[in-house]
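Input: structures, listed below.
After this come two complexes, each holding subunit A, first together with subunit B and then together with subunit C.
The block that comes next holds the complex of A and B.
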């Protein structure tokens, strides 16, 4: 029983991390319908920029996090205005090719700039284990979970409570009508992409402070994030959370009771099951569009 | 017909161009992972190799010509490594191949080397099966897991007083090989196996595995992992509050591993074929040269690249030309004085005679606990 509780706790922690790293993707892929294969690289850049600002600029973790948000937000804005805009409205394939190209470019630029070695991001607090009855967890993991949940709620509030959020939802339901109603859709697209990019980067820096930042992590992150988004349903925040937790707990239990060596299999089993039984995902806000 | 003629013309052109190139320099092809999850270790091999080439060329090269290193990225993947070798052989016309890092990739390029009849030297790949394939073109200037296990099993069981050991390895042929060899030799000495688990390359969260490990309550934990995975694993071992003795194989005794792992690295043991703190003049010269060039002390892989290139260049010099068969024969006669002892090859192409060391990390530096010569396998 103690063992089960620890597995469950491990799964929930990792699940929140999965949800967090999939948030950026659920915005860009789920709302904007851009199949963003560079998602993992935005995440990776968040960790690497985080390493740079905490190591070379001497910032503490939280100021670093703010600076990373600003830098990567502007970067996302620029990527949308200069790259994604050129292929908008031409179907999904040009976007896929564009983001695959972008991901290769970003990985190799990073390899060139900082090399392939893992990088250490300064931690927000001194690390140490906390014992809750039979369950062990660490301070940094708890903090990362709290920040992660806060980010999820903040992103949800932006989409559902602000004028910009209304403009986003209007634009993605019907770009033509939104533009006729006076919404500057180009700005809205760029803002959404920037927000998605920022969320990916923030989760990248947060998790890099627990694990480590490295130029080559992007591929695995993209893969897991697609699993989470498909499980949860496109563009749905509750879905991303449910998908993340489901994946985290399933992996922890599979790893705990079967074998850790084959743990990646379980995510894809779940995806196949979901696509067969409930193709729109656990939660879906997908509206039929004209 | 036209196509056939064109093909012949092309082939003739390439053949004519090749000797012209060969006169300028002696080319050695190096296939290492420069991207992907072990890129970081692959880069160290390249650094060591470049240092060796620089030193050889400073002394006038071999056969009166400078040595030229042609480096390709094999990504530790069999398919990419084969492509890299095809390119090195067909386009660059290298005299000898050195590589590839991962045993699975090396296993894939061995038949290619045999097909083109080009000697292949690896300084890293440690899967015991490679030298059992009776490929006369293949030489391994590295330890195997079996040889390391044999050299250290007794020291580990007696000096560390281990009654039960949990085995954790990366889920590939190297990790599985290391776990199997060490568990076999330690079991033979009466050490119980508490648990055996594997994890995938690039895993970041080990809490599930460590939960199982904590429940198994072993005296010692054996880990076969490279820098990236290993440092995260050891950090999380400490975060989970596990007190067992940790010992491992892989690039554990390097400055980068210790820097990444921080306090958690204190007190862990590593069985490595090379560590920079070994005290002998040859090693001190090597460390000085390496540090002067790269501002960091050489680790296991820096030394591996350095040794593989020196062995290769010396064999070419002894062969007196770039004829593949002559180089192969010269390689078999190797008696190379490395910073870590003397390298010779068995009839199967397995190196022996050099020293392996068991180190303990204390005060952020690897201290040599024991040293044992790697003996020729029976």
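The block that comes next holds the complex of A and C.
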């Protein structure tokens, strides 16, 4: 039973980051309908830029996090304005190919710049375990998890409390009506993409401070984020969070009780199951059938 | 239709003459790889170009074919002429199973679920050490057989001829036209009695069969099969070939396969920059050649007011 609680705690910690990254993808994939295969690369860049600003610019962890958010936000904005905007409204295929090209480019440029070795992001606080009853968790993990949860609430506030957020919701309900009402939809699309990119990058930096950042990690992250978005339901905010936590816990339990080698298979099996049994996802906002 | 057939026949004759003109082993290797990729791109094109659903799990069939041929050869000592068709059949069976689940889905869901199947198979191949030998892979497939690359070239050319003949017959059959009708307008097609699931399933299984043949050939040619055959980067290469050449045409994937094979090879000169440049080229193609090379040629022909374009699909899209 103690072991079970420990697995559950580990799963929840990882799940928060899955949720954060998937939240970014649910904006880009679920709402904007861009099947973004460069999403994992945004995550990876978050970790690598975080490593760069903490190691070379000598920033502490928190100002590093803010800088990463700014850099990756502008990067996402530029990607949307210069690349995605040109294929908007042409179905999924051009977007898929464009983001595959982008991801190949980003991975290899990063490999060229920093090499394939794992990179350590400076820690915010000293490492040390905390004991919560039978469960042990390190301080850094707890802090990263708290920041992750705070970011999830911040994203929710942006979407539901700000003018930009209402412009977003209007645009994704009906782009034509939104632009007639005076919303600059191009800016809204770019802002949504930038927000999605930032969330993924911050998740990457937070996880890099627990484990490490690596240029080649992106592919698997993209796939897992897709899995989480489909599990939760396209474009659903609570769905992405529940899906992320579910995937984190399921992986931790599978790794603990069944087989560590096959942990990554869980997400794909879940997604196949969910699309056979409940195609609209766990928490779809529309009754949209796959 | 006739133009497409004649171009394919012409390319086939040219390819058949190649081994008489070229004896360099390296160039022959490139030719073999280009034809291998042409088969794969053609098989994927049946799903992407004619059914109109974007499958990212095609490596599932390539991989099952390659593993089937490798296991039959290594464990049971099957010769190539028996193992490669068996690989195609096993891949077709997988196509039947996977298609039954995935073809009920559309759009992004189809994309992600096909991809999930390929990933599941990759992880199984990586971990089921008793059968697949895990990450070490299966080595020594069909050892001690053929040394001359020209023989391999003849075999892959024969396979390519077979698969293109099958696709040609499929595309211009009732089932193929039904698939195109569903692609263009699902509801109209259904209203005139086309069963979308049935025609898509035929294309999907045929594509799986051809990818399995290609996989079986690959196992014997490289004489090694590892979990990499299921990898997404393999998938990305095939997708790029189809879209660069022009989906929904039979000639397009051949052109794409030749260009990408040569491009990947000659960009090697640039070493580390190779893949970054490759990524940039892919992005440039999406932005500047949205219908692939064949789409570009078709549009040029239309602008000059020439004969009908290569495929009705492209015509409609460029209008």
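We adopt the following convention: the second predicted complex is superposed on the first by the 285 of 290 C-alpha atoms of A that agree within 3 Å, B and C clash if a C-alpha of one lies under 4 Å from a C-alpha of the other, contacts with A are read in each partner's own complex, and residues count from 1 in each chain.
Keep this in mind: contacts are C-beta pairs under 8 Å (C-beta built on N, C-alpha and C of every residue); 3 or more make two chains touch, one makes a residue touch a chain.
Keep in mind it's a predicted model, so treat the numbers as computed, not measured.
When the two complexes are overlaid on their common chain A, residue A:269 makes contact with subunit C while staying clear of subunit B. Look at A:57: by the touch rule set out above, it reaches neither subunit B nor subunit C. In the overlay built on the shared chain, the residue A:92 is in contact with subunit C alone; subunit B does not reach it.
In the superposition on chain A, A:127 makes contact with subunit B only, while subunit C stays out of contact range.
In the superposition on chain A, A:258 makes contact with neither subunit B nor subunit C.
Once the two complexes are laid over each other on the shared chain, residue contacts for A:154 go to neither subunit B nor subunit C.
Contact with subunit B, but none with subunit C, is seen for A:7 once the two complexes are overlaid on the shared chain.
Shared interface residues of subunit A, touching subunit B in one complex and subunit C in the other, are 107-108, 111, 259, 261, 264.
By the touch criterion given at the top, residues 48, 54, 56, 101, 104-113, 115-117, 119-120, 123-124, 126-127, 232, 236, 239-240, 243, 272-276, 278-283, 285-287, 290 of subunit C touch subunit A in their complex. By the touch criterion given at the top, residues 29, 33, 35, 83, 86-87, 90, 92-94, 96-98, 100-109, 111-112, 219, 223, 226-227, 230, 234, 259, 261-262, 264-265, 267-269, 271-272, 275-276, 279, 290 of subunit A touch subunit C in their complex. On the subunit A side of its complex with subunit B, the touching residues are 3, 6-7, 10-11, 13-14, 17, 107-108, 111, 115-118, 120, 127, 129, 131, 136, 138, 207, 211-212, 214-217, 220, 251-252, 255-256, 259-261, 263-264. Considering their complex, residues 34-37, 39-40, 42-43, 171, 197-200, 202, 204-205, 207-209, 211-212, 215, 227-228, 231-232, 239-241, 256, 259-260 of subunit B touch subunit A.
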